[in-house]
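Quick one: the structure is below, and I'll ask about it shortly.
Order as written gives the chain letters A, B, C and D; numbering starts at 1 within each chain.
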């Protein structure tokens, strides 16, 4: 109930603060007998970690996961898999002068009003570092989904007003901005570098294409697949919108334009178009699941800002330290991870209720 | 786990199908001693029900709620409040010829793939009629929130490409399209009537402004207030996007443009602007909570459509019956209800953990 | 969280008070395609209802279940099955003079301290009548378990100090005290009649033998099968102890006496004896599951008792009305129902995680 | 859903195996601002750990807890408190020859049937070592309860057929068997030493007296305080019965003997006697809460036993290694811990719903 767990049958519980000893996650509900590839988890963590290129923060978090439990002779035992990622390269002193100040765009104020105290070192629990635990848990989910032929492609769709024109999945991981479009990537990078020069930051958009999910996944009424995906993904810090399929564009569409007509293709019933984004009535149709989210510009900027402190006194701050001018590329694997968690969870539920 | 319940401390469980004997909800976690005004619940239901005007379906669901439990001498006892709304004016025969056909844009196909059978009468459980139960439960939540000075204003922001220019809360309930802008309302109505003539349907956008929520409501990490609101609201059939505050526009913003600076106003710390939409790091800041959702055009249209039946055989359908050309105005109270449920639930959680 | 729901994948939510309009339950998580036999549910309800014989209360609750949802053409659709049992033959006036008095042995005082008000009519929500909803839900669970060859036998093991000597399952339903021993049944009945003459009441013991549960059902650590059965069954009003297998006798046993040795029988690994009661480490072994519970004497007695009222003033009460001198036989189907619910729930969970 | 979490608002998630790298727990829902005394947690762990005296195993688990998160400047922050206890002094080789054999009385067989594999080193997840995590979490709960004046006394009531005659709380921690009776303690110790000589083991009984819980704690119907305590405590390995108040003796009592009459004492309404054990209708009455449980004899004995292996082939085993002849004294702090967790959780829930 305190918000640090997510999922039903596949359920993760995370813990840890930005500048404490580390970040961790307990992954419960992993079916037994799954080969757990630690290198894969570390590779996923590397995709998220900062210091990957000139467009992200130079803070170099050499994250290596330690597995504490639930794996025996290389395979999941069905018991909870606890993973821990130690914090290294920590400089709490960067934050000491900010401890009584509410940073604009950050969670400081709300946490203070809720808990009447807070671990101010680097945002504490509200730091983006928390997402490392999600990525580690998501890597476990992906290992299972992979056996079932399910693939999740996440990529940067937009940085500022620069938008992709085409999608080449193979190009995504070949550029630091995770853009699937060879022509657009350098423009996005240039924009981020400009913004960085100004001491400012910039937002963007991420898209997810999930293929291989069979029809019939998702639950009725309150746990519609898109609602649960929405919960999972909107819980990632900095995401301010969530769309499925045609998304916000449906507000201008007519029924005759929006409805995807059913057809039979290769012996399977499917839809001719995919405006619904692979989900109808909260249940998967077998078509690709398409999700789009907007990521706000990072709140920590070098430009001077007005704010107040705990006593409401006016203060000026200029956030030093090593911050990302744009977090979109680093959020891509986090969004993928949350989607993977929801999908595995939903498929386990479907299995539970399979025809008596 | 089967998706028919929502909430943590304030938890609702709904049941019932479109053409069964009725729709109901069990509301658990209502604090004791709250005056339960049945007329208010019925008024809320009336806002949702069809047959309200020329722009909605002529199906007239004279919904009256029956309270089965949890209320004694006009007050909540702390025990579950079960409510039931009988189905009247049902014509299952309208659906008999569609029972083997997958209607484009509807949940039919996914349900069939999941359950290998379905109650095909009017969409069964997947029907929009299910939302009557949400509205009844939301009315209970609103009665409690009202005591705490929390108000939820829902209104139509857009129909097709017609968008509001200003917001007058008092005008919302004075026009059938729930538009808060006197100038725009007639244009929206005209558009809906045109579309109806064509046998087609149209989408739109709903906005919610929630005022009076104190700072400090919402839970960390996975149960951020916006994530839970997202879950709740995206679970309403036909909603394809969810945005908080500046929403999808953040993708084009710089940090210096996006961050709301903190100020002190009337002795309280708050933000000068409200791009964050009243939520930072998943916790309320005390500013108005702003949410926007896109509603797809109704799937049932009179225009002939291509589709397939259970055997994958090509079929043509033309959906007769009494359907809405636009559901946006009727979805407004449903979105409000889900927001009310989330807010009450989140506030109860805050109370539980209040400083020891 | 408010205590009116139970179960994980197979989850029931109950509502209703003793002297309100009725008692109901929403059963969520029923796999689709199960034939739902309403007559069977009514027969189960009849086993629980009072007025069955001279040894139970003459209140005649002619309970008939109404099914509101989740069943289509005689089969479960996978949607929640809501059931309602109207209250008939109600006399609230019997309770009017007790409304400010805390009846000894009843829940009145605790409820008052918790909710600062209570529905005093017949115990309200705390009445034994609430268990009708459990029995109806349990009947659904039994229908599914029956398909899997699982049988639950509940019977009276003891009334006062009269204990059974042998077990004949076929005799259980042939005598009003649900005693499985032809010789002992009349003695139990005689004791109950004596106690009734005295205006007093008497306790007893119920035993459950569950056969046909395959090995491997139950979850680790906190959701051990016996712990969840304990939760379910101890939640029935009036049950004050719960034992598995050798139960409380294990306190006097040595390891060499207690351990059941494993053997192979008819090609299957099983145990030679069954002191563990079919559960080891919280997981079923395939042997019969054996549970024993003690049921306290009914609190409502005609003998005059001392107590206090809401203001702490001394009062004397003599509880009139139609009360059971012994509830043991009527609790038997309730214990069976809760066991059925736990077993179905646990088996669905096992299915969810079945080898990837 | 996988059984490794317990609690609602105060919720613990444990992980780790007997012979893996360690045992841990994430404690979520700790109110902020509670002073966290690490030494106290370690003292509680010491009460549970083996090697305390001649009557327990000589395995010396020098457990020291590491706190990973949720504590800042000595106080809880409201964020999850993750704790880890490294495994030391491990000898997996002791178990290598048992890896294909189902040990009588152990969880081996059920786990194998459920997961089709198992971590056979020392029982893996099913080992009693798992309870160290419960004790650490319980210590956190006790720190909060202590502020509210709630005290939990756990003690050994019986070893074999030797039973206490009187209760002196001060003597409990002064003898290795945790017996509250100076006369009886040496007899219990002598019995355990005899049994140990025989290569056998012995069971016993634990009693809990909880004082200081105000009236009105506990939830209706399914989450009655005794039902949740039953769930929590029956989930501890080796506990085979659970009783509240008069417990199993109620089966032989009459209503006139059982009912506790209400009285006013020191300005407060309470009961004259306490046969109900402090709980009526699932809600606390303010009287002491009394619980009794039977603990089976340890399954690991040196005496030769018959059993079978994975293939069903007959095998003989003699369990070497360092095992307890009686676990009762070491289980006392575990039972206390689980009770503390349930009480804190239930009180938080009461606070959430407090009168609007």
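Here, contacts are C-beta pairs under 8 Å (C-beta built on N, C-alpha and C of every residue); 3 or more make two chains touch, one makes a residue touch a chain.
In this text the structure is predicted, and so the values were computed from the model without any measurement.
Asks: Can you name the chains that touch subunit C as well as subunit D?
Replies: Where subunit C and subunit D share a partner, that partner set is A, B.
Asks: Shared numbers divided by all numbers used: is that above or below half for subunit B and subunit C, i.e. same or different?
Replies: Shared-number fraction above one half, so same.
Asks: Among A-D, C-D or B-C, whose interface repeats A-B's (more than half the contact pairs identical)?
Replies: So the equivalent interface, with over half the same contact pairs, is C-D.
Asks: Just the number, please: Cα centre separation of subunit B and subunit C in whole Å.
Replies: So the centroids are 39 Å from each other.
Asks: Using Cα averages as centroids, what's the distance between subunit B and subunit D in whole Å?
Replies: 46
Asks: Residues of subunit B touching 2+ other chains?
Replies: 1-2, 4-5, 8-9, 14, 29, 32-33, 78-79, 114, 116, 125, 220, 349, 352-353, 355
Asks: Mind pulling up the subunit B residues that touch subunit A in the complex?
Replies: Those in contact with subunit A are residues 1-6, 8-9, 14, 102, 104-111, 113-114, 116, 125-126, 130, 158-161, 195, 198, 200-205, 214-224, 226-228, 230-232, 234-235, 237, 240-264, 267, 269, 271, 276-277, 279-286, 294-301, 303, 305-308, 312, 314, 349-350, 352-353, 355.
Asks: Subunit B touches which residues of subunit C in the complex?
Replies: Result: residues 1-2, 4-5, 8-9, 11, 13-17, 20-22, 24, 26, 28-29, 32-33, 68-70, 72, 75, 77-82, 84, 114-119, 124-125 of subunit C touch subunit B.
Asks: Can you name the residues of subunit B that touch subunit D in the complex?
Replies: Listed in rising order, the residues are 1, 9, 29, 31-34, 78-79, 144, 147, 220, 348-349, 351-356.
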